[in-house]
Amino acid sequence: MFSLTVRDHIMIAHSLRGETFGPAQRLHGATYVVEATFRRTELDANGVVVDIGRAAEALRAVLAELDYRNLDDEPSLAGENSTTEALARVIANRLAERTQAGVLGDGARELRSLVVTLHESPVASASYERSL
Amino acid sequence: MFSLTVRDHIMIAHSLRGETFGPAQRLHGATYVVEATFRRTELDANGVVVDIGRAAEALRAVLAELDYRNLDDEPSLAGENSTTEALARVIANRLAERTQAGVLGDGARELRSLVVTLHESPVASASYERSL
Amino acid sequence: MFSLTVRDHIMIAHSLRGETFGPAQRLHGATYVVEATFRRTELDANGVVVDIGRAAEALRAVLAELDYRNLDDEPSLAGENSTTEALARVIANRLAERTQAGVLGDGARELRSLVVTLHESPVASASYERSL
Amino acid sequence: MFSLTVRDHIMIAHSLRGETFGPAQRLHGATYVVEATFRRTELDANGVVVDIGRAAEALRAVLAELDYRNLDDEPSLAGENSTTEALARVIANRLAERTQAGVLGDGARELRSLVVTLHESPVASASYERSL
Amino acid sequence: MFSLTVRDHIMIAHSLRGETFGPAQRLHGATYVVEATFRRTELDANGVVVDIGRAAEALRAVLAELDYRNLDDEPSLAGENSTTEALARVIANRLAERTQAGVLGDGARELRSLVVTLHESPVASASYERSL
Amino acid sequence: MFSLTVRDHIMIAHSLRGETFGPAQRLHGATYVVEATFRRTELDANGVVVDIGRAAEALRAVLAELDYRNLDDEPSLAGENSTTEALARVIANRLAERTQAGVLGDGARELRSLVVTLHESPVASASYERSL
């Protein structure tokens, strides 16, 4: 099994609803370092999992919808807590949609799965893995 | 599949028995950067894998039993080499016990597995994965 | 010359005023990894620059006033942009006040200078250095 | 499941064939930080996955064949693009050969799988996983 | 004293002339992680050392002249070894020229000095500091 | 001003005398990531601050005297606390002696200063700077 990982980051504001979140119920923010890992069993004719330039652009396009924003005001996230875990799923699903829409090229049809990991601080991170 | 990782560290002394360990047979020490990763298939009602504050506290509680100690003198580790791999298992098992005792809350019953990774230096790490 | 550095982090929301800031004029946020470096020419009787436990507690106390907050609403920051550079100065000055108030112990009178560095993302950081 | 990871690096020149690679079609280079992860279900009699010293030496021996070289001129890589993914496979396969030849000792027969990850920059990495 | 640091990277091929370089006399390559630190004594009216977006663009423009290239073939580097130290100076001087040409804005006239650091591997880096 | 930094690490046991050290009065240990930075105003004829291979070997030679040891039993450290700060000075002074003895070559006579930094954990480090 092969994998390719690209990395980028976003800087967002948000708050979390629920007593369990303690001080994180207040409006605060995070720099999320975001990693997207694409997996497939064989390399394509160029010898890659996916075009790394296209993968980085697709991740940037997904992140641009969230970057420098207050996630509490994002209609597309309304109704759920924007926890690190939930954001990992949102980003993974949006990246999967773009992949299925062809932005990573034809070879991307051979991709098997995708993992998105968000590092929120030096001591905490979360990830979501899904098939493609 | 979702995962949440919390990170902490300990500073310990120990020695390893067996010719294979070369100079590490002498009493020496390590700063272990310890990562604990909890996994489950669906998020709980708050949108998390597990309460991150409780997870960090549980990891700290387990590590406090080892931190600033000479592991050669720890009764609970007697009879086995305190290799990085073995310590990863000890920490994972103790964290699993606490999880099963409820310190991570009710939702933690949905946790599927746990991985503990110890980074002993910039060039070496070890991990142990178990079900929950 | 000796130095001792302690590291911690905060997660805050804020916005920046001025066209130069582009998208950062919107309410967004950051995880700031904060390093405080204390310098002196000779070590104290214990062989340290300053008690590392006290230094870490003093930094945490200063950061606790900012952590998990929207800096746009902080009265103590009113009237100036909470840029990374400006926050480095705020944190350094508050840490200097605590140092001069004695929270780091008597030996801290020998400290010569203090540098506070904030890493806002993997590609940007800022610092402020002042005498003590 | 246990794992042990050792880390090293190489500095190489190469170029990639195919329009998809854009500027990377020109002769350029990379520092690859290389991680090799060995996995097995139970620890050996010494309490380890594999002798860490031998694992590090085996990785170094494999990397020495590539280090400080122009990979475009390496006969053993002729006919395929030396992408990060392909190099991960080359290194994993060579490490597997050495493992099977006994350089990691008898206990290494219990190793189940091997993952080799190459970090080519702060924003990109690739890996290859195979059974042993 | 305030400082602002921006970070980027390049992937280049080169070789070094002189027996002292051992295997680095062969054509090989490097991923250089490049940090540029700008310093000044007071912040500008916006509360910054320099516009971070402009600083990042200026660094990228300088690096683009070297990125994905074989430095042995670069006319502008002819006649000197492209050691990490020498490249740090080349990058710093080109960044200083751009700064003096106004690409960082009028406020950049208050910049006092510039440090460029290149990390060539996890175990080695070099830097060059100059006034502005 | 130019600088060159090489990095290595040691794994030691020790204890610290004095109430101020709290739990670190017990026998424990550390992985110290050690950086040695050499500075000079002009590069030598090869275009370097100092031969990087020789610098790495000199650092390794100094560290080998401490590595995999209980520093409480080292005669050369008797009578002083082996704090991170004090170890930075010990390592810097021993490296300076070797430099002055010529192990870094003739060009090393132009070196102006040396900084040794020890990272003891992800949240603490210390350094010592001296002239050469």
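Letters A, B, C, D, E and F name the chains as they come in the text, with residue numbers starting at 1 for each one.
Just so it is clear, a residue touches a chain if its C-beta (ideal position, glycine included) is under 8 Å from a C-beta of that chain, and two chains touch if they have at least 3 such contacts.
Nothing here was measured: the structure is a model prediction, and the numbers come from that model.
**Student:** With contacts defined as at the top, give the pair, B-D or A-C, that has more of them.
**Tutor:** If we tally the C-beta pairs in contact for B-D and A-C, the bigger total goes to A-C.
**Student:** Taking all residue numbers at the chain A to chain B contact, is the shared part over half or under half, that is, same or different?
**Tutor:** different
**Student:** How big is the rotation relating chain E to chain F when the fit is done on Cα atoms? Please round to the nearest 5 degrees.
**Tutor:** Angle of the fitting rotation, chain E to chain F: 120 degrees.
**Student:** For chain A and chain D, what's the span in angstrom between their mean Cα positions?
**Tutor:** 27
**Student:** Centre to centre, by mean C-alpha position, how many angstrom separate chain A and chain E?
**Tutor:** Once rounded, the distance between the two centres reads 31 Å.
**Student:** Which residues belonging to chain F are in contact with no fewer than two other chains?
**Tutor:** Only 7, 122-123 qualify.
**Student:** Looking at the complex, which residues from chain A come into contact with chain C?
**Tutor:** Touch list, chain A to chain C: 7, 9, 11-14, 23-24, 26-33, 67-70, 120-123.
**Student:** Mind pulling up the chain A residues that touch chain D in the complex?
**Tutor:** Listed in rising order, the residues are 1-8, 43, 46-49, 51-53, 56, 105.
**Student:** Tell me, which parts of chain E touch chain F in their complex?
**Tutor:** Result: residues 16, 18, 20-22, 80-81, 83-86, 88-89, 122-129 of chain E touch chain F.
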